[in-house]
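All chains are identified by letter, namely A, B, C, D and E, in their written order; residue positions are counted from 1 within each chain.
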Amino acid sequence: MSALLSFKSGVHPPDEKAITAGIASRRLPFPDELILPLSQHLGAPAKALVQIGDRLQRGDMLAEASGFISAPIHATAAGTVKDIALWPHPNGGSVEAVRIKVDPYSTQQTRPRMVPRWEDLEPSQISDAIREAGVVGLGGAAFPAFVKLNPPKDQKIEVLLINGCECEPYLTSDHRVMLERAEQVHTGIRILLKGLGITKAVVGIESNKPDAIEAMQKAAPTDLDVSIQPLQVKYPQGAEKMLIKAVTGKEVPSGALPSVVGAVVQNVATVAMISEVFETGLPLIERIVTVTGRGIKKPGNWVVPFGTKLRDLLDQCGGLTDDAEEVVFGGPMMGLAVGNLDVPILKGTGGVLVLSKDECKQQEVMPCIRCGRCLEACPIFLNPQKLGSLARVERYEEMVETHLNDCMLCGCCSYACPSNIPLSQLFAMSKNQLRKISS
Amino acid sequence: MRTTTPKEDFTRGIWRENPVFLQMLGLCPALAVTNTVENAIAMGLATFFVLFCSSLLVSSCKSFIPHEVRISTYILIIATFVTLADMVLEAVVPEVHKELGAFIALIVVNCMILGRQEAFASKKPVGRSLLDATGTGIGFLIAMLMMGGFREVLGMGTFLGFELFGPSYEPWVVMILPAGGFLTLGFIMLGFGYYEQRKIAKAKEMSDVEGRVTS
Amino acid sequence: MTDKALHVTASPHIRAADDTPTIMWSVVMSLAPVVGASIYFFGPSALLVILASCAGVLLVERFFGTSGGKSLFDGSAVITGVLLGLTLPPGFPLWMAFLGGAFGMAFGKLIFGGLGQNIFNPALLGRAFLQAAFPVAITTWTVPTENWLSLRGDNFAFPLMSPSLADGMTGATPLGLMKFEQISTEILPLFWGSTSGSVGETSTLFILLGGIYLAARNHLNWRIPASIFLTVAVMAGGIHFYDNSYPGPLFMLCSGGLMLGAVYMATDMVTSPVTNLGSWIFGFGIGFLVVVIRLWGGLPEGVMYSILLMNALVPFINRATQPRVFGTGTQRQEGAAS
Amino acid sequence: MSDETNAQEASPVAAAPEEPGVSAVRLFMTLAVAGAMAGLLIVMVNQFTQPRIIAYKAKMLKLAVTEVLQGPARYDTLYLIDGALTPDLPAGLKPEKQKAIYVGYTEAGEIKGIAIARGESGFQDVVMLIFGIDPATQGLTGMKILASKETPGLGDKIYKDLDFVQQFFEGPTVPLLGVKIGAGDGAPNEIDMITGATISSRAVIRIINNAVTEWEPFFENLDKKPVAARGETK
Amino acid sequence: MSDQSLFTIFLSAAVINNFTLAMFLGLCPFMGVSARVETAVRMGMANIFVLLITSICAWGLNTFVLEQAPFLRVISFIIVIASLVQIVEMAIKKLSPTLFRQLGIYLPLITTNCAILGLAMFQTSRNYDFLQGIAFALGAGAGLTLALVLMASIRETSELSDIPAMAKGTGLVLIIAGSLSLAFMGFAGLLSGS
């Protein structure tokens, strides 16, 4: 194990992937209704183009990007626009969303190609096509994918890193992607390499997915410098900076983007979807979602159109068990708990986790005993102990001096804390406070 | 500065603005030579003497002292009286003088004395200054006595040399050691803090009750 | 499907298995053999002293602690009480042990805000207070008696009154013998624990077992005892090699409170550094001071003072050993250059 | 730096507009007058107190010497000047700054003993003591602690524990050897140390042994050169 | 009494009879400036510097000027030291305005700092010669700085704790000082061990 590449620090939560890792992904039947919030990605919300009553085909653009860091949103099934109004969002609160009544009689067949063939495009046009297709990072943050293909001119990109770590426990959607769509991933890599104008790519995969590593290795093309790199199983191996550190040995400077050290990172599912987008000619409208946890009756991996309501997805999985306690969008480490089952599945939703009482038992918060475990866990080498005590007395400026802004809220410190202090939550709140103060 | 009555000038320093407990002045002697009541009293009296005489001289000569050199002059005056006190103590009570040692000379740098000159004697008439000096001096003496009493009683089982608890009392040696000085003053300050907190809590309770009554 | 009330908590939604009460109680449990050994060697006196100091600690925690008694169950106060008891002589008057526990808890811990916020190890602060207050009583080491059941000293001395001890009932600790009479003690009794000394410090074997158990469960930072042992062994070894009238490293390691201090006192998480580098420095400092005080100081034993002094230095060590934040400092240049 | 800026910087709170015209001469004069008056006052009081202070010191020294020499008929102070002992202090040298020993005589004019004062580190701080030794028998005639800050209740037994102090009056021979109570074998140079205050006990013994080592070379000359009756008598 | 070696004198003033924790000298900065480690370090450095000058001056005054008039010691020491601190203050102001701002009102207080006069008085009453005086001053300064820095770092940490309301401020500082003083007792006898 120790021979495998990795970064320092981090934590080793039980991976719990066996629940769904062996279950092949199945297509979810189209639901009766779709909810497509205009804010599904990082950056400015999209601007709605449709009106109530409009009939839409599958893949029609219904909202356009509004700014550089933004992404368009497309209809994920044929139907009629029922309403454009506030709707509960998984992040909490409500945002503007387009409600579509799905046409129950539609064949949901693909219309003529909306995305051009990549083989026909110049490198510079590839990123535009990706942008138009509404592709965002499917790893969780939902950062518009094309942005990374346009690094600042003075930074020379040397390597494309494909993130196949899936370091969050429980989730297996990326795992299934690599098993079921290895060819597609490699085509995606080919497309991105062309877009970036380089030839070297490395796929980093945690060693707890030997079948995925094997599948990816088998499918690897011979004409490109693409290598599959097994990595140590450790959270948060899949964080951009950690992956770069593990594979290249370089540290992304504090506050800088990966391109500074010559690397571009894309999630393996994103790459697969890029390939699919160019293949089918349809924009990004669906993805693989893992539904897992001990609080769901029939866990599994599903190809889900965006906008499907959580309730519909969970019903498809047999519903919640009696001791289900918490429903989380994303993994257990960084995912957001939702309190409303009407929220829709979004582009960034890699998994839905239904935790039972045993899995997320509520523990009393005790005083910090300065055990130092958070320092050992923090992959950024912060001092969460100090940050936490500063947050307690609301000394936010000093927190910034203590490098609060380097914190990526990975949750390692909270996970490790024996006193159950919600450290990363405190840091998130402190960051919010600081934003309020500065604005 | 708020005007004060002569009575206030006198009483203020004794307790309400006690130099040691509330203004944290003169800590060095209050900690260093309070291991016995006898030493504490001797130190208190010597300090009282210096404070009184300096205040007298400073307030009577204040019109002659140019502002620029006032501090130097005060220190000079204080140092003179300290030297006098030192010599007199050595001649009259050599045993006590030996115990207090260099700490007598250190009365010069007792911020309390210079503070009274700067804050009061240099601005007020002689009579008022003497009242102020007397009050402050008594306050200091009380503080020294409390410290000395606490430390000697616990640390040796005696008060001014008289055995209080019989021969088999186990003395708490720590109290007459330096650590005991810090701890004793710490205990007293905690007592003050506790009293303060209770007062605040009571006041809050009262206002709550009033609020409920009026509403 | 019917909606049921769902919990909405912040991420992460899973937690490592260890929690603070678990750690605290496992420390208490690991002390059980040490306490057992102390009763075996020193009879009922040992248990009485431990109970008295526990009583002092727990009563103060109960009546002055902010949590109103809830903290009695997290094990942290019990540790303080037991550890203090283990550092006192078997014949120590119970009222003094009680006082030490109360002082340590009140002024070593509660005044800083309670669990997790203290600077000094409360058990050791209580003992330092007792050492300064009652220097004779705390250095009166009773010799073992024939009758296991009989008390070893004047445990029941009347509060505030001096203990009375018949002549011939006192002995010297191995360290005292070494320091004042240049008489060395065999290693085996030191290792097993059948020498005179404080209630729980004599048995190297049981303390080490407890330490290994805790280290294996990751409930103590092994770096601290390791660096203490290393420093003491190297320093004592070097000095012994140079002038063999000084005690050898094995004697230094096994005698006095070094084992108990290194394994149970220095590793108190609250009062030791949070960084690993800091832990090494902390341990090195303790080891250094122990050797200096034992060999050249006025007292035969210096573990308590060494740990307290280094406790005082911990905030500074923490400050000075802040980890280099990812993507800053030297690594950055390497990264940028390559 | 001019006076005005200096004054303003020293007291930023003094907002009152000062006359710019306080001259340096006046400032200087004020201080000089104050200084002169202070000096005068001190010198005057000193005139009265000095004799008493000196007399007290002399008395205490005499008491101490007399005690540790077990009541000599009289004693002389011998100063160590240029490596030799002399009763006469060269002009200009202050007596308290010179190393000295005190030689006590019997009525018959024979040396009764020599008193030596010395201070070295004890447990807390310097322990200062004086002891008497009979050069003929190499036995101590007494010991008195002059100053010590040893731990109250423990180290201070070196002068409070009379059993311990008494041993030094019973003629133990140098070099002294400290032993645990009951552990000695009756040799004439053994001193029972105080239980629990071993360091302080040892310090006393060490100080005496060191002093004897230092002064021993001078003892022989003393015998050959009896000094004429002079100096203080009892 | 002046038989003590330089090392003994240094160690005694620095740890065994620590100037602040055992002799209660320099308490004003100890209670006042010791809230921030940076300031405490600088204050300590300023103190060491002034102590060194004081020691040299006191030795010079004693040996050459006050030989015949020891009763004028207090007065002459305080005047010489006060003028010296004034000069140091001006120098610091010129060389490091930042430092001057941080030490603020405490620099003039060094004049009326017992540690400074105490050093001069103790040095005199113990008859230290020139080199012993230097060792004493360095030891005292090291002791002061050590106490200041320890206290400052402890206070910085404690600021983040839930100190009971009754202990906020001086009470806590004094108890910490008492605890430090207890811990420093471990150094007792360091120079007399056989």
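Here is the rule we use: a contact is a pair of C-beta atoms (placed from the backbone, for glycine too) under 8 Å apart; a residue touches a chain by one contact, two chains touch by 3 or more.
Note that this is a predicted model, so its numbers are computed, not measured.
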| item | value |
| --- | --- |
| Set of chains whose contacts include both chain E and chain B | C, D |
| Any chain that touches chain D and chain B | C, E |
| Taking each chain's C-alpha mean as its centre, the one farthest from chain A | D |
| Chain-chain pair with the highest tally of contacting C-beta pairs | A-C |
| Middle chain, criterion being Cα centroid separation | C |
| Whole-Å separation of chain centres (CA-atom averages), chain A against chain E | 60 |
| Chain D and chain E, separation of their C-alpha mean positions in angstrom | 27 |
| Between chain E and chain C, distance of the C-alpha-averaged centres to the nearest whole Å | 33 |
| Interchain centroid distance [CA atoms averaged], chain C/chain D, Å | 44 |
| Per-residue multi-chain contacts in chain D, two or more chains | 10, 35, 38, 42, 46, 50, 123, 151, 153-154, 199 |
| Multi-partner residues of chain B (each touching 2 or more other chains) | 72, 76, 79-80, 83, 87, 173-174, 177, 179-180, 183, 186, 190 |
| Residues of chain A whose C-beta touches two or more other chains | none |
| Chain pairs that touch, as defined at the top of this document | A-C, A-E, B-C, B-D, B-E, C-D, C-E, D-E |
| Contact footprint of chain C on chain E as seen in their complex | 37, 149-150, 153-154, 156-158, 161-164, 167, 171-172, 175-176, 178-180, 182-194 |
| Complex contact set, residues of chain D against chain E | 1, 9-10, 35, 38-39, 42-43, 46, 50, 94, 97, 118-126, 128, 151, 199, 202-203, 206 |
| In the complex, chain A residues that touch chain E | 389-390, 392-393 |
| Residues of chain E that touch chain A when the two form their complex | 159-161 |
| Footprint of chain B on chain E - complex, ascending | 21-25, 27-28, 31, 71-75, 78-79, 82, 109, 112-114, 116-118, 121-122, 125, 165-171, 174-175, 177-179, 181-182, 185 |
